[in-house]
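Each of the next two complexes has chain A plus one other chain: chain B in the first, chain C in the second.
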Partner chain A sequence: MAVVIPIDLDAAMRAASAAPDALILAGGTDVMVEVNAGQRRRALDSDTVIVLDRVRELRRWSHDPERRTVTLGAGVTYTELMTEPLASLLPALAEASRTVGSPQIRNAGTIGGNLATCSPAGDTLPVLAALDADVHLASLNGERTLPVGQFMLGVKTTALTRGELIVGVTAPVLRGAQGYAKVGVRNAMVIAIASACVIVDEDCRDVRIALGSVAPTIIRCPDAERHAAANLDWDRGRATPGVAAEIGERAAADARPIDDHRSTAAYRSRAVALLVGRLVRRGFPDA
Partner chain B sequence: MPEFYELQINGSAHDVHDAWLGESLLYVLRERLGFTGTKSACEEGECGSCSVLVDDVLVCACLALAGSATGKTVTTVEGLAATGTPSDVQQAFVTAGAVQCGFCTPGLIVAAHALLTESPEATGQEIREALSGNVCRCTGYGRILEAVAAAARARLAAGAGSIDDRGET
Partner chain C sequence: MIVTDTRTGRRPGTLGDSAVRPDGVAKVQGTFSFSSDEQIDGCVFGATLRSPHPSARIVSIDVSGAWKVSGVEAVLTAEDVPGNATYGLVVADQPVFAADVVRYVGEPVAVVAADHPETCQRALAAIRVDYEVLEPLLDPEVAIRGEHPDIHPDGNILRHQRIVHGDPDATGDVMVEGTYELGMQDQAFLGLEAALAIPEPGGGGIELHIATQWLHEDRRQIAACLGLPEPKVRLVLGGVGGAFGAREDISLQVHTCLLALRIGRPVRIQYSRRESFVGHVHRHPARIWMRHHATTTGQIVKIEARFVFDGGAYASTSSPVLLNGITHTQGPYRCPNAVVDGWAVRTNNLPCGAMRGFGVVQACFAHESQMDRLAEACGLGAVEIRLRNAMRTGDTLITGQVVESVAPVARCITEADALPLPEEPVGGRDGDPMRLPGGAGRTSDAEHVHRGIGWGVSIKNLMYSEGFDDFATARCRLSGGVVTLKFATAEVGQGFVVIAGQIARSVLGVDEVRLDTVDTDIGSSGSTSASRQTWMSGGAVDAACRKVRERLFDHVAAQHGLDPLRLAIDGTDVIDTMGTLRLAVEDAVMGREFDETVEFRHRPTEDLDENGQGNCHTAFAFAAHRAVVDVDAELGLVKVIQIATAQDVGRALNPLSVLGQIEGGIAQGLGLAVMEEIVRNAGYVRNASFTDYLLPTSLDMPEVVVSLVEEPDPQAPLGAKGVGEPPCISSTPAIVAAIRDALRHAGIERRLDRVPVRPSDIAL
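Let's turn to the complex of A and B:
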């Protein structure tokens, strides 16, 4: 039995390749819940845990002002995403991070763990989808980069292959309002019943809208996005309440929510319509 | 991997022998090493009663793999003050009457210490936010919030940085 604690990416990849069934542990906030509940026996029987929290390449982030992108290591925590200057570079990601769990969870939980878990309710995922972020993967067989929309395949299903690690994500730094909002039973420690991210790109005059918890994985809302680009008053930065509401309704029409133990499909549709409308009005106040 | 690993807890080294790979830091603290101040309730990160500091960062011990904490420093509620001499936060809880059954108290004390180390000037909303990962089923929170606010005011009055119960600056 072994706990492997690599300190660089090369050592982490070698460990993952030597033990492809190993339990990979970042902040532990998803994995340890399962371990405690006895659900990870198979992985633990493989006798290896690979601990990523000291891999230096995964803990870093960098800003490229020329390309106007930020690249986040997979091991960047929610607490770090909420801290300046990252919070101003990627404001919707900071806003989403603020809604995650509790201080204890945000101190440990990572963006890479959120991506790998790929829950429909993962709070960073609608933001990464709306930003058209790229996910960087690596194994001893090589590196590859996938648009986040191709990385997330379904409920808790991703494009990760055996022995492969998430290295990080690259997202654009955009000019314009952006925000994330979710609905849950209370403010703290809550899994989203429905969530939405709206990102305005003033330079391209387009709006990107993504929804969480209303489909097997995160969805974008192309019809609502086109409607927004065509109907917002870009010169004055304003929108009539009717336009904002219509964008919300169109976004909800793209949702495929279900009834489950946390909510109903009807409630979820209504919630995303309102969340999107509100987020649009935050960027484009009433005309 | 050797048959044992070493954890640094409250300033001293402790060997953990013959442990199962998947044991949480919470389990090892309580069941193997006898640090029973750290409480176990939900074991899924929801209640905060297992709050500890790992390398001075507030986390849930139930969500930390014990074997991954080697080479880091772990501070439990027992490590915040010498036995018999409560820390300012502990004393504030007593003074405010913030303890009923007491099960949530150690986790709250550790979370409050983490907050006041980071932001000694914390007030109302910030205190609520900082304690939002700690559940109390008895008190209704009012006196807990009062206790932490009182400890913050006292630290501020004494001058930021001059009081640090963990003996660090």
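Let's turn to the complex of A and C:
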């Protein structure tokens, strides 16, 4: 087993090109759990490990006030996302980051890692989906950018090709309420049973809703989004409880949850309906 | 000079003082050496091949592939066990290695030893076992009905015991009934199973460093399987990172010794977390039906009950666990008539045995849920129904045994009731999500939250029951003003290492107490379980110290021509209570050494007869818990806000240690109430990791307010009752009752007859 520790993106891409089946290690909060559980044994026998946490380009983030976007390097940690000024620029992402693991996990885990693992329960993913974020990928063959919805293909399946790395993600800075909510059986440090993100774009009078842990990957809820845009009282910033609940129900109708050891499909559907309704009401209090 | 605490008048480090544990700082700083930290040069690593099936016949085992892996030094299967092929705490029904059949997922089939843990994994992967999969027995009721072929030569019934007391045909004007279920809880100690075995040159003996609860019982079973006489097997206690019952049974002990003896070098095995979930016994999943008969004023007339405990594949301690469950059917309440039917059965589920509370946790969830239903049926409050039925010293249990212990049940209830309710407003403060159900997940707003209050009160037997010869051994040496204590008592976190020193300082007036190595070079101290070590090993240390003190007084009296009965310890001096003599203990010893070893026994107990009658227990402790919870009824999420508890502790020998047991026990009781369960499907474990087996975090732990009810028990050597188990017994039903109450405030009626209560149980 070879371990490659590149310090810049070019070296990282060269390493990934030389060993396209390499195990990519960022924060290690997913990979090392699998290694310790023995699930990565064969990979470790033959493969290269490329360690990304010293690649300086990946640790940076930038705010473009004119285009009103934030571009996050793939190596930005959950803790950094929770810290100002990022927390105010992308508030739902900060809330989602706070729900991840313990402080130690949040200090190590990265947004790029969350994308690469692409678990249906990945906490930042509903936020990125609702923001219509773009994912930047790079290899020695060039760079490309994919909408996050096209990057996430299924349970732990992404559009990443061999030798390609996640460089970063660009998300819009929007005016309007946004929030993330997640149900687990414990008050912290828990995998989502169901989660939801609601992002309001006041300038476009647009609402984006994404759900986690209720389908093979993150889903958007176009019917609920249209219903929200059409029925929210944009001028007064208000919504009746009935409208909020209806948006939640319509969102839940798009969910395709399963029964598993964490919960049941019926509960998950119920939970996302409630979470979406509540997130809408946080942004649009009683009429 | 005598230093005293000016507030209490107590010399620091003596009984009643919250003395600091000698292992405390190291544990907090991470420098304490746990069993898993023990390594020596030239050590070889071992690992275990386990059954992937809940039930299968082993057609063949081919280990030749493992031998081809470079670095492998030994591969052992059932045919390599030189002594007894099976072991067990009560009956030896569990194979060291499965030979002809496997009876649960995770049952050991073979072990390997190699130069590196990774080599071990490769060797295990190279062993070919051909299984013929059999239909597993998974439903305890099927086992009871005899509808499944025996899955073990000892049959599918581990124990069937009835209790018939008073008039079995008595009835009450009010009847309430329910069927209650408890999931399988894991002890989830943080220090994983680990052992280091060092063979004697020539292979005639072995030394095992092991994290366990009971060195001597381990040694008995290990020696029998190794085919060695017990004196040739020496056990040394490794640092124990929690136990809670899961280290009472043999896990890796025999395997580690077998490998070390085979290759003649030290061998170490350590389980992973995943392996630990199948590598030790768990709390019995249970199904309990209860029907309470009472007068219209709420006096219990009769209790009928049926207990079914799923013991899993092997007996472990299922028999005494069942006994404990059914003999605690009535809870801490008077009950003149009872008919109870108890079953512990064998299935192809994971083996179950000891866990903190030992059968009483299951009984308490049922009887406390019943008490609330009875209160409702009689139009009484939760406190009133319990006070009206509260047991007192001198009452007769449904086993016919008279409660001779101090039994301050009513006092526990009233003192808990008098503790202040939380100041925290419903729905938390300042919109801080961490104070709301759902916590960091930001699921709930204050408007979604309803508050409820619930009660749980418990009785728990202390020490071993049913005629077991339960004793503890301690040796005390006094030399030059320093006391050295030796015992085989396993320190598993409960704090005996601090209590032992406090006893010696109080009895002998010394400041310096040294603790000798904990090993099998002295007689047994019995198990660190059943809330027994303060009473039993504490009793032994106290008796040994008193014997040394007698000899010291004889010596001083002879020197000064006094009657030794006039002498006493005052602070750190020996004094003549009728004269002026006063000399420091250190000077009184004067180059002599006093050395005494004592065996301490509690009074004997009896077996139950066929009607479940007999003095089967020796003593009891009581506790009351009041839970305050906030519930998001729509989402089914719970935030426990406060637990108030008053606990019958006899005498708090170290109040800080007692508080630690109470808070820790409540965390474990909270876990069972709302999150901890080994999720199983057809005999397979679905959540064998801390990602999915959820333990309460600091954000889940509520404020705990405590009243220690101190009525020294005359039976107890130091007046102190065991305090380890009660906190986790009645906290669970109190929390569930509070959830039911909160839902009632939300206009929702839910029985919540199963723990852990899942969000879907509340919301759907």
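Keep this in mind: the second predicted complex is superposed on the first by the 285 of 287 C-alpha atoms of A that agree within 3 Å, B and C clash if a C-alpha of one lies under 4 Å from a C-alpha of the other, contacts with A are read in each partner's own complex, and residues count from 1 in each chain.
Definition applied: a residue touches a chain if its C-beta (ideal position, glycine included) is under 8 Å from a C-beta of that chain, and two chains touch if they have at least 3 such contacts.
Remember, predicted model here, so these are calculated numbers, not experimental data.
Student: For A:I5, decide between first (touching chain B), second (touching chain C), both and neither.
Tutor: Touch status of A:I5: first partner only.
Student: So, A:A265: does it touch chain B (first), chain C (second), both, or neither?
Tutor: neither
Student: Between chain C and chain B, which one touches more residues of chain A when both complexes sit on the common chain A?
Tutor: Touching more residues of chain A than the other partner does is C.
Student: Output check: A:A188 vs chain B and chain C. Expected answer is one of first, second, both, neither. What do you get?
Tutor: both
Student: Thinking of the overlay built on chain A, is A:E95 touched by chain B (first), by chain C (second), by both, or by neither?
Tutor: A:E95 contacts chain C only, not chain B.
Student: Go through the superposed model and pick first if A:Q104 touches only chain B, second if only chain C, both, or neither.
Tutor: first
Student: Considering only the touch criterion stated at the top, classify A:A229 as touching first (chain B), second (chain C), both, or neither.
Tutor: In the superposition, A:A229 contacts neither chain B nor chain C.
Student: Which partner chains sit in contact with A:V33 here, chain B, chain C, both or neither? Use first/second/both/neither.
Tutor: Once the two structures are laid over each other on A, A:V33 reaches both partners.
Student: Who does A:L275 touch here: chain B (first), chain C (second), both, or neither?
Tutor: Second partner only.
Student: Go through chain A and flag every residue that touches chain B in one model and chain C in the other.
Tutor: In the superposed arrangement, which is not itself an observed complex, chain A uses residues 33, 36-37, 187-189 for both chain B and chain C.
Student: Any idea which chain C residues touch chain A in the complex?
Tutor: On the chain C side, the touching residues are 118, 121, 272, 274, 434, 437-445, 448, 634-637, 639, 674-675, 679, 681, 686-687, 689, 691-692, 694, 696-697, 699-700, 758-760, 763-764.
Student: Could you list, by residue number, the parts of chain A that touch chain C in their complex?
Tutor: 33, 36-38, 41, 95, 98-99, 179-193, 195, 260-264, 266-267, 270-271, 274-275, 278, 282
Student: Please give the residue numbers of chain A that touch chain B in the complex, ascending.
Tutor: 1-3, 5, 25, 27-29, 32-33, 35-37, 40, 44, 47, 49, 51, 53, 101-105, 107-108, 187-189
Student: Along chain B, where are the residues that touch chain A in the complex?
Tutor: Touching chain A: residues 1, 5, 20-22, 24, 43-46, 48, 51, 57-60, 62-65, 67-68, 70-71, 111, 114, 129-130, 132-134 of chain B.
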